[in-house]
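Both complexes shown next keep subunit A, but they swap its partner, so subunit B is in the first and subunit C is in the second.
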Partner chain A sequence: MMRSSLAGGNAPGKAERDFYARLTSHKILTIILLSLALLAVLGIALGLGSANISWEDFWQVFKGAVSPAPASQETGSKLARTVIINLRLPRALLATLAGCSLAGAGAMMQGILRNPLADPYILGISAGASFGAALAVVLGLGKLAGFTLAQGYVVVASAFTFGLLATFIIYGLASLRALAPETLVLAGVALGYLFSAGVSLLKYLSSHEELRELTLWLMGGLAGAKWQSLFLLFPVCLAALAFLWRSSWDLNALGAGEEVAANLGVNLGRLRRNGAVGASLLASATVTFTGIIGFVGLVAPHLGRFLVGSDHRYLIPASCLLGAILLLLADTLARTVASPIEIPVGVITSLIGVPFFLSLLFRERRRWWS
Partner chain B sequence: MGSKKNRFVARVLPLLMLLIIFLTGCSSPKNAAQNGLTGKTVKTFVDGTGKEVKISCPVDKIVCLTSGVSEILYALDSADKMIGRDSYSIFPADLEKIPVMAKSSFSPNLEAIIKSAPDVVIADTMLKDDLRAKLEEAGLPVLVYTTSYPHETALVVKQMGELTGKEERAAKLIAFSDKYYQLIKDRVARLPEDKKPRIYYEWNKPYYSAGDKTPANDRIALSGGKNLAAGQKVKYPELTPEWLAGQNPQIIIRMSSREEGADKMKALYDEILSRPALQQTTAVSQKKVSIMSWGLGTGIRSVIGSLHWAKWFHPDTFSDIDPEAAHRQLLKDFYHMELKGTWVYPPAK
Partner chain C sequence: MVVKLAVDGLSFSYDSQPVLNEVTLAIDPGEIATIIGPNGSGKSTFLRCLARILLPAQGVIYLDGRNITNLSGRSLATLLGYVPQEGTKVFPLTVYEAVLLGRRPYITWAVGQKDRRVVEEILRFLQLEPLAGKPLTNLSGGEKQRVMIARALAQEPKILLLDEPTSNLDIRHQLEVLGILESLARKKNMTVLMVLHDLNLAARSSQKLVLLHQGRIFASGSPQVVLTPENIRTVYDVEARVRQDDLGVQVLPISPANGRAKL
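Showing the complex of A and B:
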């Protein structure tokens, strides 16, 4: 609050204030529209699928689920209810939550590293988290099949530890020498290779039953999403996102340059440390349940910046909503485009993300930070 | 200050959004579906994972997501009951008419399967436990099997017989395999240990072998060979060429994939004979190198594979046995097919 009045200026004129208010309301409107868009996409995701549920049945099931009356057994056909409530809904919610978290992590990493190419996937954080989770599986710390909450948190913790390790290595490299953004990406790729080598080693050494679980887990995907995983993931992501959002003003100041931020009283060391921890937690927790899904954390924040500008108070929620929409759409495509066979969702996000990434590489990076 | 209010809205809105999405998700009722029973007998099956599953038999509609079981169902004249399959269930070719409901057991299309309302879903262990739970929640019994070991295959055949009401035919199919397995066992048991050749078994890549507790290891022992890779710490080790040369394998077996024809098998054969590291070994210098298709590596026809191996390992002991004739008879009796294509290379003289 204090900082907000500092940055906002002490006594702006009326015209300036009006202009600012208009800008702000425009951004809030965008976020509201994005929220509505997310709800619409959620509706589409729940309505589409190889079972070809009619919209009438869909509506019946929807009414049955929303109304508080317990007599939901009679609403809609049994098939429609099973497919929508047990199959599509948890999966769509997992996609929403995962897209949201990956995008939030991406926005944060881009902010604290002041690097438009930052993304948990590109920087090797996802690979680190994946190694951590794989390690937990092989050591039998948490049996991934048949999650109980406690076991789930053990795997998340292990994923988080290694995701964080990757983040701090990247961050250390970035601060040790003033590395060019592209160089940091190379470091991320190298880290990614290191951790996938670790996973390969684990596969090589594990016993038959562990190997089966590990292989199934590494192949990832959103199918088989369970309520338990959502219950587990939701508070973690919500807390991490809220935590990151609190540092919006500091991030804004950092966007103007490190010296500016320091002069405004931003504790840069703490900001970066907290940001790294929060972003790693988001990415790692997500990877634990979905496997590695690339590029959502890169694309969503850039679209967000395009829509609401680089004020992180708006950018972070907008990125999260866009990430959720993006992954939800990608997963719906993955389910339906080659029906009855599903294609991996990572294929679709990469098809969108890689051209995007390349175009960023060739664009001057200044533009994104003005 | 209007902006303060706006800030509040911007802060609360996304959180509220997430909350709403989440709460609507939580309020879903748990589904407990039950199939109507129509005067059939309910039987309890203990599947390949040790799980007890109750199914009313004989079933009319089967979704089978694993090729090893699909070919068994076909052999039991029950392919007409299959209403869905995985994309790998293509032997015999007649199965290709059945709709695909999964690429493999790893990625079943749950919606399509549930919509087709089968009496039972059959898969292999690539089916995630979470996905199995989803199918069971929808009221579909799920059986999971592997057909890598002969005893597993026999179990599946027996259970498929009970499931489809074809017990007699299942017993015949098991008897066919058992007869030959017993013959191999009896004759190998009489062989002295030092007569058993040292085998180097190579699966999908150069120098990739199979150690203890693998189906290949058991099958080498069954046919009277000594697996050089036994005793390795890793189940499927990659062996160094020089170590292998030092072990001096007497026979080399290389597996080729199901789709690969005679040309590819010949290429594999030539490639192994030309490997510099293996030039001094008995197997290469005496050209005791054989390529075998995966079609004879698992499932029903692995008994044919074992006959081939036994004859390669001990030509004198098994001189009266003709694996190709056994293969021909198996296909004729259970698949109504003629023997076609190349299954081993070089062909038996």
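Showing the complex of A and C:
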């Protein structure tokens, strides 16, 4: 008995097992390669910038940070160390985390709405969250820069509340009547305008100092990255992503249609509710620290689907890695292309994202909705 | 294990518009039964109630003597497989992955040896092996329908429900699909309940026909009993000639009854 099961059973069975093993090992390999690519891009992002730091100094700082020896004072110049550890590293990590979260939220929204055009930005969730965050700032409940941890959580909570509100309005519209994908996008855009108008009103009402802060933040930027914001964002995003990842099988089943999912024992109501809450939390928490960054949540899951297919067990991690790589590259470009002037990262992601979105809307239309 | 399907006094309405009215029915294990009836007679609704996609206002559905409302989603999924009319696939999976979905009631996260063995057997049985790695969007209508059936079979159900499994197929593929269902009933003692529009295909493939009319069972029994010119006139409003030969009952529709719709 033991021997035969170890030997792999009969011959045709073995061939099929090999097929599935090949299928999955290809996906796992892709995810490993993406992780390595992310590390490489992180390295590049840390090495490049307006402060001129030689790669030798960079290597010294890196070695000093990695080795446990307390000889770090000697290794690398002090300036290089300060720039890399206190400025570039938190910024690069924030870009990684934000890219991950937006892509994860996008993959989830596309999955639960069964809509290839869904994304926290396009559906107005980011706009809703930004309104919530701005409201907290203008009401003096929290701050966007130089905040304490508690103040930070207040802003996140307010952003989350309004992001969730936007999600449930969109979800309500989607379930009220079977809306066509394009109609849902239009509703999202309209909702986005509504919340943007709300933000404009808040800007009009706010004091000079708040206004400056709000305007800079709304353009979408990672310049204000601090270790503090990372400590706040990291546990929230990690928990939400893990939570979403766990529902992969349910999302796969829903991909085959609502009736099929119901027959397979999926609790559709619970899946949608949890998905909406998780995706809104990811998008809102990110918006609080980075402002509105568009299209990462749309582009990354599509690239992911192209690379590893539609099984969410692999799609969600692949999308997260791609989102992180994309945002990190975009931010590095934003910092360096016109150095020392910085371009808002939202501008770069829109430059990549808008043509992609339009091509999805028109060229691929037939493939998805035939 | 054989499972008997019984329906007792099932009623259902959409927004106070009654669709099903006191439907009572029993189907034996290994039997192929087909629900027929004109558009809007409640055929698909009935099937969806059995699959617990819709919750009936009244009445009870029993699987092997157990009320299905008391079963968990997963255990119902292991007893009853449902194949809807062609579903929309927004993000296409490969054939293998689509069939693997049917193992979802048994899987928590990782795909086990048994899951792969079941999927591989079904792919071989439905001659889908060469297509295993293809995305669903690249398949023909007949191949897609076989994948949908394969997915339901991967649930290892005792009862298979199918909503118009032959729609959008040419006659060769229609016969192919019905042949698959016949061999499932015969070899695996599976109970098959489906909705069909084509009366001749229904008569050929089923031991039992259930004729629905305005949400009620108008007639049920063998094709010879159900498919009479009188029944067809009353329910479908159509004059038809019914013939009996070595292949069973054949229905030839002639014209709309009562001279209505004569243009």
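Criterion: the second predicted complex is superposed on the first by the 337 of 370 C-alpha atoms of A that agree within 3 Å, B and C clash if a C-alpha of one lies under 4 Å from a C-alpha of the other, contacts with A are read in each partner's own complex, and residues count from 1 in each chain.
One rule holds in what follows: contacts are C-beta pairs under 8 Å (C-beta built on N, C-alpha and C of every residue); 3 or more make two chains touch, one makes a residue touch a chain.
Keep in mind the model is a prediction, meaning the values are calculated, not measured.
Of the two partner chains placed by the overlay, only subunit C lies in contact with A:Asn267; subunit B stays clear of it.
In the superposed model, A:Tyr20 lies in contact with both subunit B and subunit C.
In the superposition on chain A, contact of A:Leu38 is made with subunit B only, not with subunit C. Touch criterion not met for A:Ser54: it reaches neither subunit B nor subunit C.
Contact with subunit C, but none with subunit B, is seen for A:Asn115 once the two complexes are overlaid on the shared chain.
A count of residues in subunit A touched by subunit B and by subunit C gives the higher number to B. Residue contacts after overlaying the shared chain place A:Ser200 against neither subunit B nor subunit C.
Touch criterion met: A:Ile85 reaches subunit B, while subunit C stays clear of it.
Once the two complexes are laid over each other on the shared chain, residue contacts for A:Cys320 go to subunit B alone; subunit C is not touched. On subunit A, the patch touched by subunit B and the patch touched by subunit C overlap at residues 20, 313.
Contacts from subunit C toward subunit A in the complex involve residues 48, 51-53, 72-77, 80-82, 84, 87-94, 96-98, 101-102, 104-105, 107, 109, 111, 113, 116-117, 119-120, 123-124, 129, 132-133, 137, 151-152, 155. Contact residues on subunit B toward subunit A in their complex (touch as defined above): 2-3, 6-7, 9-11, 13-15, 17-18, 21-22, 24-29, 31, 33, 87, 99-103, 106-107, 109-112, 114-115, 117, 125-126, 128-131, 133-134, 137-139, 213, 234-235. Contact residues on subunit A toward subunit C in their complex (touch as defined above): 9, 12-13, 16-17, 19-20, 23, 110, 114-116, 249-250, 252-253, 255-257, 259-260, 262-267, 305, 309-311, 313, 367-369. Of all the residues in subunit A, the ones that touch subunit B in their complex are 4, 8, 20-21, 24-25, 27-28, 31-32, 35, 38, 42, 49-52, 64-66, 72-73, 78-79, 81-83, 85-90, 93, 96, 100, 145-146, 204-205, 207-208, 211-212, 216, 219, 221, 223-227, 230, 234, 238, 242, 245, 313-314, 317, 320-321, 339-342.
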